[in-house]
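Take a look at the structures below.
In the two assemblies presented below, chain A is common to both, partnered first by chain B and then by chain C.
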Partner chain A sequence: MNVAVILSLLLAFSPITFGAEAQLPESIYSPQFRDPGEVDSSVGPLMIDKTPVTNQEFLAFIKASPEYSRSKIAPLFADSGYLTHWAGDTKFSKSESHFPVTHVSWFVARKFCAAQGKRLPTIAEWEVASDAQNPASDAKILAWYSKPNARLRNVGARPANKFGVMDMHGLVWEWVDNFSESIMSGDSRGGSSTESLYCAGAALKAKDPKLYATFMRFAFRSSLTAKYTSANLGFRCVRDMNGDSK
Partner chain B sequence: MKKTLPFPIAIIVMTLGLTSCFDRSTPEKWESTSAKIADDNVDINSLPKETFKLVPPPQAPPPITRKTPARVAIDVEVREVIKQLSDGVDYTYWTFGGTVPGPMFRVREGDYVDFTLANHPSNKLPHNIDLHAVTGQGGGAEGSFTAPGHKSTFSFRALNPGLFVYHCATAPVGMHVGNGMYGLILVEPKEGLPKVDHEYYVVQGEFYTKGKFGERGLQSFDMEKAIREQPEYVVFNGAVGAIAGDKSLTASAGQTVRIFVGNGGPGLISSFHVIGEIFDHVYQEGGSLPNQKNVQTTIVPAGGAAMVELKVDIPGNLILVDHSLFRAFNKGAIGMLKVDGKPNPRIYTGKTVDAIYLPEGQAIQAISMDQKSAPAPTNFEGRMKAGAIVYNTNCAACHQPNGQGIPDAFPPLAKSDFLMADKNRSIKIVKNGLEGAITVNGKTYSSVMPSLGLSDDDVASVLTYVRNSFGNKGEAVTLDEVKRIK
Partner chain C sequence: MKYLFLLTMILGHVTFAHDKHTDSLKAGTPLGGTSILQLDSSWKNQKGESVKLTDLRGKNRFVVMLYTRCDTACPLIVEDLKGIATEIDSKNADKVEVSIFSLDSLRESPASLLAFSKKRKLPSQWGLLTSDSDAVAELAAALGVRYKRLQNGDFIHSNVIYFLNKNGEVVAQKEGLKTPRTEFLKQVRKNL
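For the complex of A and B:
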């Protein structure tokens, strides 16, 4: 076993990783898709979870709030796929303890974060923290988006990005608080827009029509509704520096 | 600047206006099959229900025997799958129903279709479907936009008969289509299509892989190549050899064949051709009218289709190609229709003569490249020999092989006073060309001789040659003399 493998194992099982936060400094978010009048905005500073929420972390929440367990959840808050990868209300394969939790709806992800005194990140915060709209990252991310689901693995096993955040890509999609504002139309041939939806010319509204991975992320978000769950959709939380959650 | 239409264009515009075939001045006068169906007041809920049965390509679903409309349920699942693109080359296809192209749908003009798109839970991406046969927002793309692990249903009335492409329309659209998300839907006209012995389903599409054509292993999508529209693969039915070898289409001599041809693109237009046969009928662009007969090659636009019908008269292997031939030869756009049966020499004999061919004058020397690169001649014989070659290659076409020229056009070199009078002038003309009137042997020639771009060595050789041929007799021209003249 070589040093890199040992190191990554240490990292993977290190208790420091889970629940740890990284600081996202105040940054400018320049949207890939803009509606008329939309301008760059400022995000942060805030604390963001270094890794997506794991099955084990989610279990602690379910134990504290049994109304969100699989058998008790109201159909309004999650579709029938909710936590289907678990063996029961509080059971899952031990080997998946540190896998990101998936098959969770937006409603419950939001509740989870609130229970920690946190909240879901906004699109702007997530996009900045992921460093995704940088063309160099975009190409790498695209390769992952292009493949059907690979098997999940422990969170925190890959190097952190420039903000010290891990697994923003290459593991699971993540809920964002205002996912429904990614108004890419169902017929998403262009950018996001409420006008000229049915024409590829709308791609002209995109900051960079070559950011294919970004198109896909926005298309994915806009295909969701708040009670949806999916085998490859998880989440992480953020915390405002003054301690308030919105 | 005041802009007015030039007179002839104005006339054309006016003429077009006057000669329109239909009076479309009011909505009531608009004649179209779609309008008739749209207004027929059929009770959708009382239509008999049926479920459409999917068959994999290159099979086409069977003709519709119903004489009245029905309510048809079509269910398709989107799956992201790894399959073989070529020998030793795999690709992650995004598919309708697990195949490229997706299964062909077949409904009847006037049918009401309940279309359900399921996005498999193991897929990573949202998908949808735009059926070009659908009159409605996005061709159904909006109504079918579906996250992984979910399904959507929308309904539409098949208003226009014809053969239509369907494809995924989720951003980035070109990538979804370029990964294999396309197929055809046939809306049969009310009266049906003429009966044929075989129907096949063939769709062209191109693939933009990171690796070059034939590079082994699992290949991924290359966005830059896609944007430049330079695919590594152009194939029929999703893979090199998908309808060739033991997967060829088949028929027997004397049978009739209809091919539903589509082009998923995403970028290229197909010049669809079957080598060794001629299409008896073509429904150009997939419209409902068999509007052309006896066609060699038919254009199938990206995102378009055509129906071709041919009676295969004699046995043989008919090759289906995109006649943009590098696609067929180097990128995989080849399929095969194997026709068995008895040969018919009244139509085609095959080779009947095989003999050696000895053309007359075969001994005429070719000007080989190594003569050009041979060491520069230094003696008179060498100059004469090299000069003859330069003359025949560059001069004889005008001044003629015998140096006689052509009266009133090209002056003679044979016994030419103009040529022999001034050696330096001759060098200058051969090097730089000549324009304007000159007098040769008492006759005036007013023509142009271009600068020929000969090397100084060749100029020395050719002038030595012409000054000592065709009855001329003069000094050789040396390389130094040529070099001195600018």
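For the complex of A and C:
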């Protein structure tokens, strides 16, 4: 057994992984689906959580901010599925402590990150950190997308990607701060209420139409609303290097 | 006390200040449920006055989100809103206020809001409001407005007129620029 294997085993089973951050160097984001006039942008450098936020981490937040507990949260901020996998306001199965927290809304995910002095990643940041927009990883990601409701497991159990980030694919989908920028209906497009970007725009303007997984993420985000929760949607946070979370 | 309440309501109709007529209601039950006023963010209006979302409690309200540098869809939605406001029976006109929230946290200012209000000949009692990107993001998310800033500073955004009841809950919405008003107005009148 060589050192690398031992190290990755240690990482996989060590609680040190939880809450740890990786550095995302300054990178170029080249969006697959573009609006007219949309160009490449620069993201980072920033610190990104190595793993998605876990039930245990989320519990600490709920204890500090009970207004976001299941029984107290206002329907404006989360739908009725909010934290339904927990047994109560502060209870969940111990075996799921290091599972990614799911059934959380955008509003609360945002509050969680803010409470850590962090924020949700943008689409651009998430896409770059996930190293997803290349054909080599696309097929693998797509295979995971095609498995409905795959079972959850501990975060950090699989090898990190080239940035040292884990579980960007294969565990849960993740919230991004600006999900609402994924617009596929025509109603916001200057009056042509029948025009659908879904058919007429995005598909034609895709740089590489073979990147189906990327397209699926785009479509998924365009279907989200801020109070939506689901069994396979979690999140992680990022932090700007200068300490400013804006 | 009851008369004071009524008097306050009446005064609220004739003065523009968002924060005067609602005092007596604010003391009541806490906001909850789906009221967007729970966001409690702070905004500046076209007169440079600070307005908190909770100050908007107590009146029915039309709400739109747009940006004033917009020269395509935004004038249309404002004209639509003007039309809708005039179609509300004259005896009901003072039961509904109008709040226009800017999506453009970077470039909007009370001055640009005021200029837009004049250019579009908006009734002076309509409130135009601007705030930071967090407040904009949360309000848009709560309403369901989708928007995206483009490189040139323009925005792609949903064109929706929302009708809020006195507690700030969305009870009707009109989507799109050239859609008929009939059903929307029916819902509005039902809530007056």
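Criterion: the second predicted complex is superposed on the first by the 216 of 246 C-alpha atoms of A that agree within 3 Å, B and C clash if a C-alpha of one lies under 4 Å from a C-alpha of the other, contacts with A are read in each partner's own complex, and residues count from 1 in each chain.
Just so we're on the same page, a contact is a pair of C-beta atoms (placed from the backbone, for glycine too) under 8 Å apart; a residue touches a chain by one contact, two chains touch by 3 or more.
Everything numeric in this text was worked out from a predicted model, so none of it was measured.
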Which superposed partner A:75 touches (first chain B, second chain C, both, neither): second
Which superposed partner A:226 touches (first chain B, second chain C, both, neither): second
Touched partner set for A:38, first chain B, second chain C, both or neither: second
Touching partner for A:159 - first (chain B), second (chain C), both, neither: neither
Per-residue contact with chain A, leading partner among chain C and chain B: B
Touched partner set for A:215, first chain B, second chain C, both or neither: first
First (chain B), second (chain C), both or neither touched by A:143: first
Touching partner for A:181 - first (chain B), second (chain C), both, neither: second
Footprint overlap on chain A, where chain B in one structure and chain C in the other make contact: 187-191
Chain C-facing residues of chain A, complex: 35-39, 74-77, 106-107, 177-178, 180-183, 187-191, 193, 225-226, 246
Residues of chain A touching chain B in the complex: 79, 81, 139, 142-143, 145-149, 173, 184-191, 197-198, 200, 210, 212, 215-216, 218-220, 222-224, 228-233
Chain C to chain A touching residues, read off their complex: 32-36, 38-39, 72-73, 76, 133, 137-138, 140-142, 144-148, 150-152, 154, 156-160, 175-179
Touching residues (chain side chain B, partner chain A) in the complex: 80-82, 92, 121-126, 128, 130, 137-139, 141-150, 169-173, 175, 179, 220-221, 223, 227
